[in-house]
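As structure tokens, here come the structures.
Look for subunit A in each of the two complexes below; its partner is subunit B in the first and subunit C in the second.
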Partner chain A sequence: MKFAIQRDQLMESVQDVMKAISSRTAIPILTGMKLEATTEGVKLTGSDSDISIESFIPAEEDGTVHIENIEPGSIVLQAKYFPDIVRKVPDNTVEIESDHTKNVTIRSGSAEFHLNGQDAEEYPSLPQLRTENSFDMPTDLLKRLIKQTGFAVSTSETRPILTGVHVSTEEENLQFVATDSHRLASRKISLETEETLNLPSVVIPGKSLSELNKILDDTGDSVQISITDNQILFRTKHLYFLSRLLEGNYPETSRLIPNESKTTVLIDSKELLQSVDRASLLAKENRNNVVRLLTKENNQIEIHGNSPEVGNVTEEVTADTIDGEELKISFSAKYMMDALRAIDATQVKISFTGAMRPFLITPVDDASILQLILPVRTY
Partner chain B sequence: MERWSQLKETQPLAAQMLINSYDKDRMAHAYLFYGHRGTGKREAARLLAKTLFCPYTADTEPCQECRECRRIDSGNHPDLHWIIPDGASIKKEQILELQKEFTYTGLESDRKIYVVESADLMTVNASNRLLKFLEEPGRDTTAILLTENSEAILQTIRSRCQQIAFQPLNHERMRNYLMEEGISKSNAFLLSELTNNAEEAKEMLEGDWFANARKLVIQLTEVLQSKPNEALLFVNHQWMPHFSEKDTLQRGLDVLMLWYKDILHEHLAREEAVVFIQEQEKREQAMMRWSRAQVTSCMSGIMEAKRHIHQNVHPTLVMEQLTLQLQRC
Partner chain C sequence: MDNKNRQPRVILHIDMNSFYASVEMADYPELQGKPLAIAGNPEERKGVIVTSSYEARKYGVKTTMLVGEARKLCPSLLIRRPNFDRYREVSKQLFAILREVTELVQPVSIDEGYMDISDLADRHPPELAEELQKRIFADLKVPCSIGIAPNKFLAKMASDMKKPMGCTILRKRDIPKKLWPLPVRDMHGVGEKTAEKLKKIDVRTIGDLANRKEYELKNLLGVNGSKLHQRANGFDEREVDPEAIHSFKSIGASTTLAEDTAEETEVYRTFRELAEKVEGRMKRKEVVGQQLQIMIRYNNRKTVTRTRLLHNNTNSREIISREAVDLFEEHWTQQPIRLLGITMSELVETNEAVEQLNLFTYERVAEKEPLYKTIEELKEKYGSDVFKSSKMPLPPIRTSFQKDFLDGD
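On to the complex of A and B.
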């Protein structure tokens, strides 16, 4: 394998790929970074077995030549040293060459490094992109989807399947659902595709999604998402992000969402968020962050936080409308705040079905986002 | 041991059982391989993994050359998880990691294999964790537990595995093999008792460590016979510096054990069973010093010492205690 590459291009790719490489891994080869040169360009791969990132540098793009003198081949290099070498080489061009004994020579200007490489055959082979079972989506929309559901995944390993976000399709709709069995976040979007999608339902680990969220830029460019038997692949222009999936059946969540409500409250989202935040100040430590909400006359809502050892806080917020029965309910302030932040609308609708039943938070005129919270029993 | 046909020679029963379950497509979800050191458990586990992963397996024999086989050999196969004790035991974290691994889909294939070496060294917490997913095996998941001491494994785990016994190798065969390899007769006798693994035997012979170990063992009993008061001094000055590591000390105690066994054989006039074949005279002297009952209690003392070492008791203290015990007998 041999090629000469622009340092800046290489550095950028190396930095992207490094995000997937972890120094402590059960499989020794994964401490390395795979370099693969073909006549079209150079592909770098990094993986910690849960997620894998591939970055492709085309040999030529819009008339600019990034890579020259390509002799195809592949090698695995120590990820501990390679990035630093690339960062610190003196010249703008880096020449990388490997011989049949897996010795790699990195030349730039007057500096010459010799690194011991490993056989690329040893590296796990990642699934290839397939055009069936795939669809496109704008990057910023995907990021928003992740932000609106990802926070609700379970952090406890007792039910591993709940540590993931359930992604399913139904006609043209794509739905993301996450729950930790105390709350549920769901977001539905319609995909503008011509043919009807028939994707398998998958559960993507929450951790992988938050990594993906970090890597993607907030742009309107489209991401191609494709699902294979055991991995999901997100593809932007030059970056491929792969994640393993969670195995098992995701619980049926649609039954959990109540259809009717006894009390409906329309309220300014920001005001409610701030007052819940204030009430939680005193409830944070020894009351499991539980606050109480009471409906009152004249569209008033009382938010109450109490911890007997410290003190208590009461605040009245004016709702836009309150319909239905009077209500006294307690819930986790953290869950409420997470939900309100995720919805990110000026006015929200909260539908209660009694103090012991889960309640629903949605934007007023949009049914695609939905946050469900289980109340806390108090006395 | 790279092929089933080779494994069949040394472990006919175990190999046949595994081959049959593969051929008839009746793989159990968990196996427990138990048997002495060097009986080929690890090789069998690796072979089984290759057989299951290799796409070119023909007649139960994996090809040994494809990417899958090569990566299993180098430890880089992403869907084969090999757990070895971290220090003196297998920790809960290691099993947790494994458990997490198994809630994910495979990286390359749907088949996953995990091998737990020295499964008896799992902490109770780790065992219980493992138990949970032995109870609910995923599809195409195979567990292989290896142990030298199957009794030390939780009953609940044992009952969930198909147990495959690895017979101790025939000492005579090993002995003849070592002698063919040009190892002296006396060393071959001793080594064949200490290990079942020819490679390991050859490794032990490298340098003069083994010859010295052998000499020290006999010297220790001589000191105990002639100048019992200096025995502790001997242990401190000669024995401990030589057997400074935990595992070398275990080895030393093994050799000491064999020597006492020989004395017992001498008592019983079982010349053919003797291991230290050159030390006729010294054995007879020792026989005068220790009666048959005393030899037995010495031997149980050595067993006790070995157990203490394993439990991380300070080696010097263990040796001193043992010396006093041998002195008293």
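On to the complex of A and C.
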């Protein structure tokens, strides 16, 4: 195998593929990165058996030549050293060559590295997905869905299924739901497809989605999503991202979302966010970063933060409207800030049903995104 | 009040003057004499001021003010980030100095504490106070004010009367002249809300409060009203309790088994008993805790401790014993056991404790919401003691966990 490649293109692909490579894996060869050269281009592969990523660099694209002097072949390189070598080579072009003894030479400018490679035949082949269950969506929309829900997955393994995002379809709607059992984030979109979707409901590991989100560019180009019983594939023009799915039943969450409200507040999202942020400044020292919210007369909301050792802060924010019963409620400042940032609307509606019950945050007049937060009980 | 048989006491209240700012000035002398504020986030105009130096207060800079606002009042204001680790360190040194005088020192926060010097008969209290103040200033370079009085409340009020570096004596006979003319808002224990309520019945000074009928205040403010009435008249029976802070760090119980055993039922029974003891101790101290530790000592004297962080604060015997047994099963080597112990730590006072509700289980709590509301209302009216004594009598506190452990054999 031999080829000469533009360093920047190679670097970008290497970084993407590295997201799937772990130094701690049961299969030793997976600590390496597979390079495969054909006359069309070079393909890089990395996998930790939960996530597998393939990135393809075409030899030529839109009249620009990325790769020259290709002699087809393949090799597996130690992922511990390869990315740093590519990052630090002196010239814009990198030449990579492997001989029959699996020795690899990397040349750039006057620098020459020799690495021991491994036989690509020993690298496990990625499973081929055979499925009818595919649909397309714009990449930037997928990224938005991930950002608006992914933060709410559980980081604790006590209920492994909650470490994933539940993805389901209903008629032409696609819904993402995540909950760590203290808050819940949900986003629904309508997929403009002709045929009705009949996809199985799946739970994608939160970690896979967060890595995918890092790799995908914020463009309107479409990404194809294919689903089987135990795997999901995201495919763009030059990227192939395969993730294992979480096994088990995701809890039924729709019935947990209250559909009535005893106190409803309409408020400027940014003002509320900043005020909670300030109150949390003095609430951080208390272990749970809890702030207190009180409704007052004349559309005033009082936000209060307190740490016995440090001091306290009280601030009034003016809401646009407050309807219903008077309310005193405590909650995690972090959950509130995460939710408001995810919604990203100028004005939000908060629907409370009591101090010990979950409350709902949505944009005004938009039911497609909702954030649910469980309050904190003070004694 | 049954204070007839009691010896008159002498209590000091030591209050550090704008403590965080003073520590910064001690550490960075170039800040001395300048308007200085400590704020959460100095770069952001919206950071909140935690404390400020006397020089800054002259401009009207106040705690909890936004940095932007404070800068407007005092353009030359210097702002620094808090360094809590450093403040804790200085605080530790401060209390060490106080304990050289007497063991009866009760820290109430990072920068204030009480001392009971009644037994130091050979010392003239004002002299002792001044000596302490000079010593603290010499060693730590931070100023403090000291109140000298026959009880905690008066000592606290006295330390407020002259700042910084004041030493103020407040005797019972001084009350009408020195205490009563002060606005009632300045009274320790009277917050903004209480002051507002008092204003409605035309109580504006501490003297107004002292000269009202106790039942009138009780009607208005519940038990807190009676308490304030007594205090305003100079009565306060609270002891200086050196354990008040330490005793919150952990609460535990342990027991040496009648004979070495590898019987699981015997182990479970023992854990249930220990959990019951721990629950009793926690309820008496009015704390809940989140960290559980078990101790297992085997018949070969090998001792292991294992710790688990619970999901929520608790003081319930059911949860404590269930988690203890669970933890035990994870770590037991099947060898015969001589001693078992349970300790709860990461304690917080019950009224400061919080429980993050869970989406899948909150209904259990929410169902009781009307009950909690009622309890809260009753507490406001009659004080938090109402709900204490319904359980069976609590076992007396004997020894701490550590002592049990040492006395184990």
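Please note the rule applied: the second predicted complex is superposed on the first by the 283 of 379 C-alpha atoms of A that agree within 3 Å, B and C clash if a C-alpha of one lies under 4 Å from a C-alpha of the other, contacts with A are read in each partner's own complex, and residues count from 1 in each chain.
Everything that follows uses one rule, which is that a residue touches a chain if its C-beta (ideal position, glycine included) is under 8 Å from a C-beta of that chain, and two chains touch if they have at least 3 such contacts.
Keep in mind it's a predicted model, so treat the numbers as computed, not measured.
A.B. asks: Quick check for you: in the superposed arrangement, does A:K262 touch first (subunit B), second (subunit C), both or neither?
C.D. replies: Neither subunit B nor subunit C is touched by A:K262.
A.B. asks: Which of the two, subunit B or subunit C, is in touch with more residues of subunit A?
C.D. replies: C
A.B. asks: Under the stated touch criterion, which partner chain does A:D50 make contact with: subunit B (first), subunit C (second), both, or neither?
C.D. replies: first
A.B. asks: Tell me the contact category for A:E247 with respect to subunit B and subunit C: first, second, both or neither.
C.D. replies: first
A.B. asks: Mind working out whether A:H238 is in touch with subunit B, subunit C, both or neither, as first, second, both or neither?
C.D. replies: neither
A.B. asks: Check the residue A:P160 against both partner chains and state whether it touches subunit B (first), subunit C (second), both, or neither.
C.D. replies: After superposing on A, A:P160 lies in contact with subunit B but is clear of subunit C.
A.B. asks: Please indicate which partner A:I29 is in contact with in the superposed arrangement: first for subunit B, second for subunit C, both, or neither.
C.D. replies: first
A.B. asks: Do subunit B and subunit C land on any of the same subunit A residues, and which?
C.D. replies: Of subunit A, no residue contacts subunit B in one complex and subunit C in the other.
A.B. asks: Given the complex with subunit A, which residues does subunit B contribute to the contact?
C.D. replies: For this pair, the touching residues of subunit B are 67, 70-71, 74-78, 81-82, 96-97, 99-110, 138.
A.B. asks: Could you list, by residue number, the parts of subunit A that touch subunit B in their complex?
C.D. replies: Touch residues, subunit A against subunit B: 26-30, 49-50, 121-125, 157, 160-161, 163, 205, 229-231, 244-248.
A.B. asks: Considering the complex alone, what residue numbers of subunit A touch subunit C?
C.D. replies: By the definition above, subunit A touches subunit C via 179, 181-184, 251, 253, 256, 274, 278, 281-282, 285-288, 290, 308-314, 330, 332, 354-358, 372, 374-379.
A.B. asks: Taking the touch rule as given, give the residues of subunit C at its contact with subunit A in the complex, in rising order.
C.D. replies: Residues 40-41, 46-48, 50-51, 63-64, 66, 82, 84, 109-110, 288, 290, 346, 348, 350-360, 362, 365-366, 368-369, 372 of subunit C touch subunit A in their complex.
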